[in-house]
């Protein structure tokens, strides 16, 4: 009897699960017991044997492939290659109370950053008061003079933000990064949830999980709330760089779910300072543009002159107040990793409140003391370029070879403004199904949240994209670098009895 | 609907019809060269295949003389020919992809899998005889795709734009086939009075348009110029006649929500309506003598309609 | 006292292939400030398009034309009359040396004028040219320095339209020792900013009755900030201070903010652009038509 039991245990999907000693495990406590908010779902999952679970996993994968939920990967050699974003069936669960605090903190942060951008493009009080060094802002490539003295409708610059959080081994959440330009990933959140419901429907009955499907409506309402003055029924569109963009699926997904046109730059034009869409029924005015296009490509007249993707003259129409653009151009200086350090001060300055979310301590190489510290402690730090995204150009000190360390040393020395360093954060781990092993193993996760700011409206998606570093020991969760994702369940109440 | 999407739908329709007609014409002509009466020269057949697909010039840019395998390969699959049947299949898929959001899943999958199947076809050692198999695939898949168009889409502007493309192109292709044949017959002056040859030529035309049996059922007589032209130009019940296609063109143009135009006389609806009416109220006796001229005029008006559609409503760059 | 000018800007563009769609942007309208008033303004173009205007970041009016019908040729003309006031030019310094410097070193002053203190693509001087940077003497006022700088640039460069183009940077100019008004101006700006004096690029028109360099086309000069006085125009191409003979269109950080004609066109072949300006003071007898 006992032998049979053991057989079952090790053939189950949790067979030989080792709770990582030096990291926080979201599901299990250090003694190996299941955390209360995971109890219910654990009981469901532990019943699967390896074969059953493998089959379920295959079903999920083929569902994603058939729906075309893919992204393209760029590398030096080939053009884009289509892949599905690996999806893990074991959801990440956040208790209601924990979430409530997070949500408060996320809103606080996004509101403060929005005020910061507004201030920088107008009076620059925060610079004059020496809270943030002016040189830091003026030297940023993403600080656009085309935005100076311009205030968009409702004073909103960052309508859509993606705040990236991690949970450290101290059990606290830390903000890793603010994404204030074109944060992506929401289509995965919604598709993950659809797939989960299809495959694991009974679990949704037992648990009270916050809904996420209303995000597209919320986004549309946000767009409508910031329509140019005097426009009652605004025409909203999603502007995509085109089918070859890595996030094209998401552009189609959002347009489709909001029921608004997906347009390319060549579908739009500007005449008499108004933006029009070329339709078979003649020109149709466009009032609000959710653009999934970088600032530099938005308007060849105002920015990169050889951009074929943008709309010539749209910046003029924008400044004249005849169209609104989401997010506003020029928000990128505020999610610069060097500005990140100042966000707690920014929150205190504008809101007169203590920051709710923690910042990871950051060393700025342009500061002499910090620079010295970084050079001496490279093996204990993560070193990042301030202006890149997608996990490119990062050095993780304790994983790097001698040659890599040496290379980075010279890189940093050559361009100190470009690099920051942070202590290597102990991202929490989460049980994740590893196909090759046929069972669950702990992997590092982070959490991208999605926030919408409109005129007199704020919304944080109750959930998010839990990104998983699928490679053993890896801390890099980006989809382009071998990351996967999990559905994220925010509980509506913390009554775990079920 | 965005003009760019409209453009993709319209051209998707046109290319579907064009690929089908070029493939079928090449197949039928090639087959006819095998069992032709003595006077039917092989060279003339090859020229006629090139002419109908308006490929003559391109062909002689790459090949110095007429050769059976070369002509058929060039028309069907050659990579040096941007107007080969294979190239049109790629363009069908490209346009479908551009408008994918407007199509049904079934239609998109039919087009996509057709594209992949045809591309798997070995083009390397393509022999003239293979046109039979190749063209039949094209023709069948064209009907499958058109079946999905008619039966899985809402019959709204999306469907109407595709159908407009199909019918505009069908009228064009039928005219090109007739023009080619009239030219062939003219060249073959010596055999002008041989009834057998004449009969054979017009039978081939009917087969190139898949119209032979319906012609016989209708006319119950040996195919000759008079009857074939009458049937293919004016029979309002036959879906491949020019009259039929043009009446569809007129109907779609007036139903698609294009904006109203200021000047009625220059409007698209007016030109398309006038052309369609002309085919309703003309008899073969009025045009038989000047058939070539009449076809040429008609084709020009069709091109004018296509040009106006493009400039006025479907332009996006 | 005032002088009234009639200014004509005209350009003719021809294209080898049809232009399918185009948006043109003209930064050519004389601006309005304390010394200039726009009395009349007229546009015409060969395509009969309706021009529309917007205000750029620096508050200057930009005229635009949009066209979606194929064309191979575009002629555009602006005729403006401008009333220009004669103002006193600065002479000597207005603040003490110490006051001047404490203002220029002030952090808030830097923040207010950062656009005209930082350097960019056109105006960043390479280290190899450090010896060519004219440094303000310790006991030299901003006013004296700027006069010296104007002469310095005027003498250093030879006016020659051949070797430079719209993308030429100060480093290339320093290497060549030659250039046009745009290059003279960029160099002046780069050096002034090196001395922490806010300085901006100006484009405009120059009275053609004076036999000066750079009158046949749109002219460029610099405006530098003199503590206690404000912005004053310097024309290093002619070693002059900008006075009522200078009609300003716009200012910005560098040429890129002031280029008179920008266009985004959809066409394939090559294109040719010609343009010219006429700037005449309307004398009292100007109405005696012939």
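Just so it is clear, A, B and C label the chains in written order, and each chain counts residues from 1 on its own.
In the analysis below, a residue touches a chain if its C-beta (ideal position, glycine included) is under 8 Å from a C-beta of that chain, and two chains touch if they have at least 3 such contacts.
Keep in mind it's a predicted model, so treat the numbers as computed, not measured.
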Message: Thinking of each chain as a vertex joined to the chains it touches, would you call that graph a line, ring, star, complete, or other?
response: complete
- line: Larger contact count among A-C and A-B belongs to A-C
Field: Geometric centre distance via CA averages, subunit C-subunit B, whole Å
entry: 60
Task: Take the average of all CA coordinates in subunit A, do the same for subunit C, and state the distance between these two points in whole angstrom.
output: 44
Field: Rounded Å distance between subunit A and subunit B, as computed from the means of their C-alpha atoms
entry: 51
Statement: Check: subunit C positions touching at least 2 other chains come out as 21, 68
Query: Among the residues of subunit B, which are close enough to touch at least two other chains?
result: 315, 317
Field: subunit A contact footprint on subunit B (complex, rising order)
entry: 1-4, 6, 97-98, 101, 157, 161, 256-259, 313-317
- prompt: Where on subunit A does subunit B make contact in their complex?
  reply: 243, 252, 255-256, 261-264, 266-267, 277-282
- line: Residue set of subunit B touching subunit C in the complex reads 315, 317
Field: Residue numbers on subunit A that touch subunit C, as the complex places them
entry: 124, 127-128, 130, 134, 138-139, 145-150, 269-273, 300-301, 305, 312-313, 316-317, 319-320
- request: Can you check the complex and tell me which residues of subunit C touch subunit A?
  value: 21, 23, 25, 50, 52, 54-57, 62, 64, 66, 68, 107-108, 110-111, 114-115, 118, 253, 262, 264
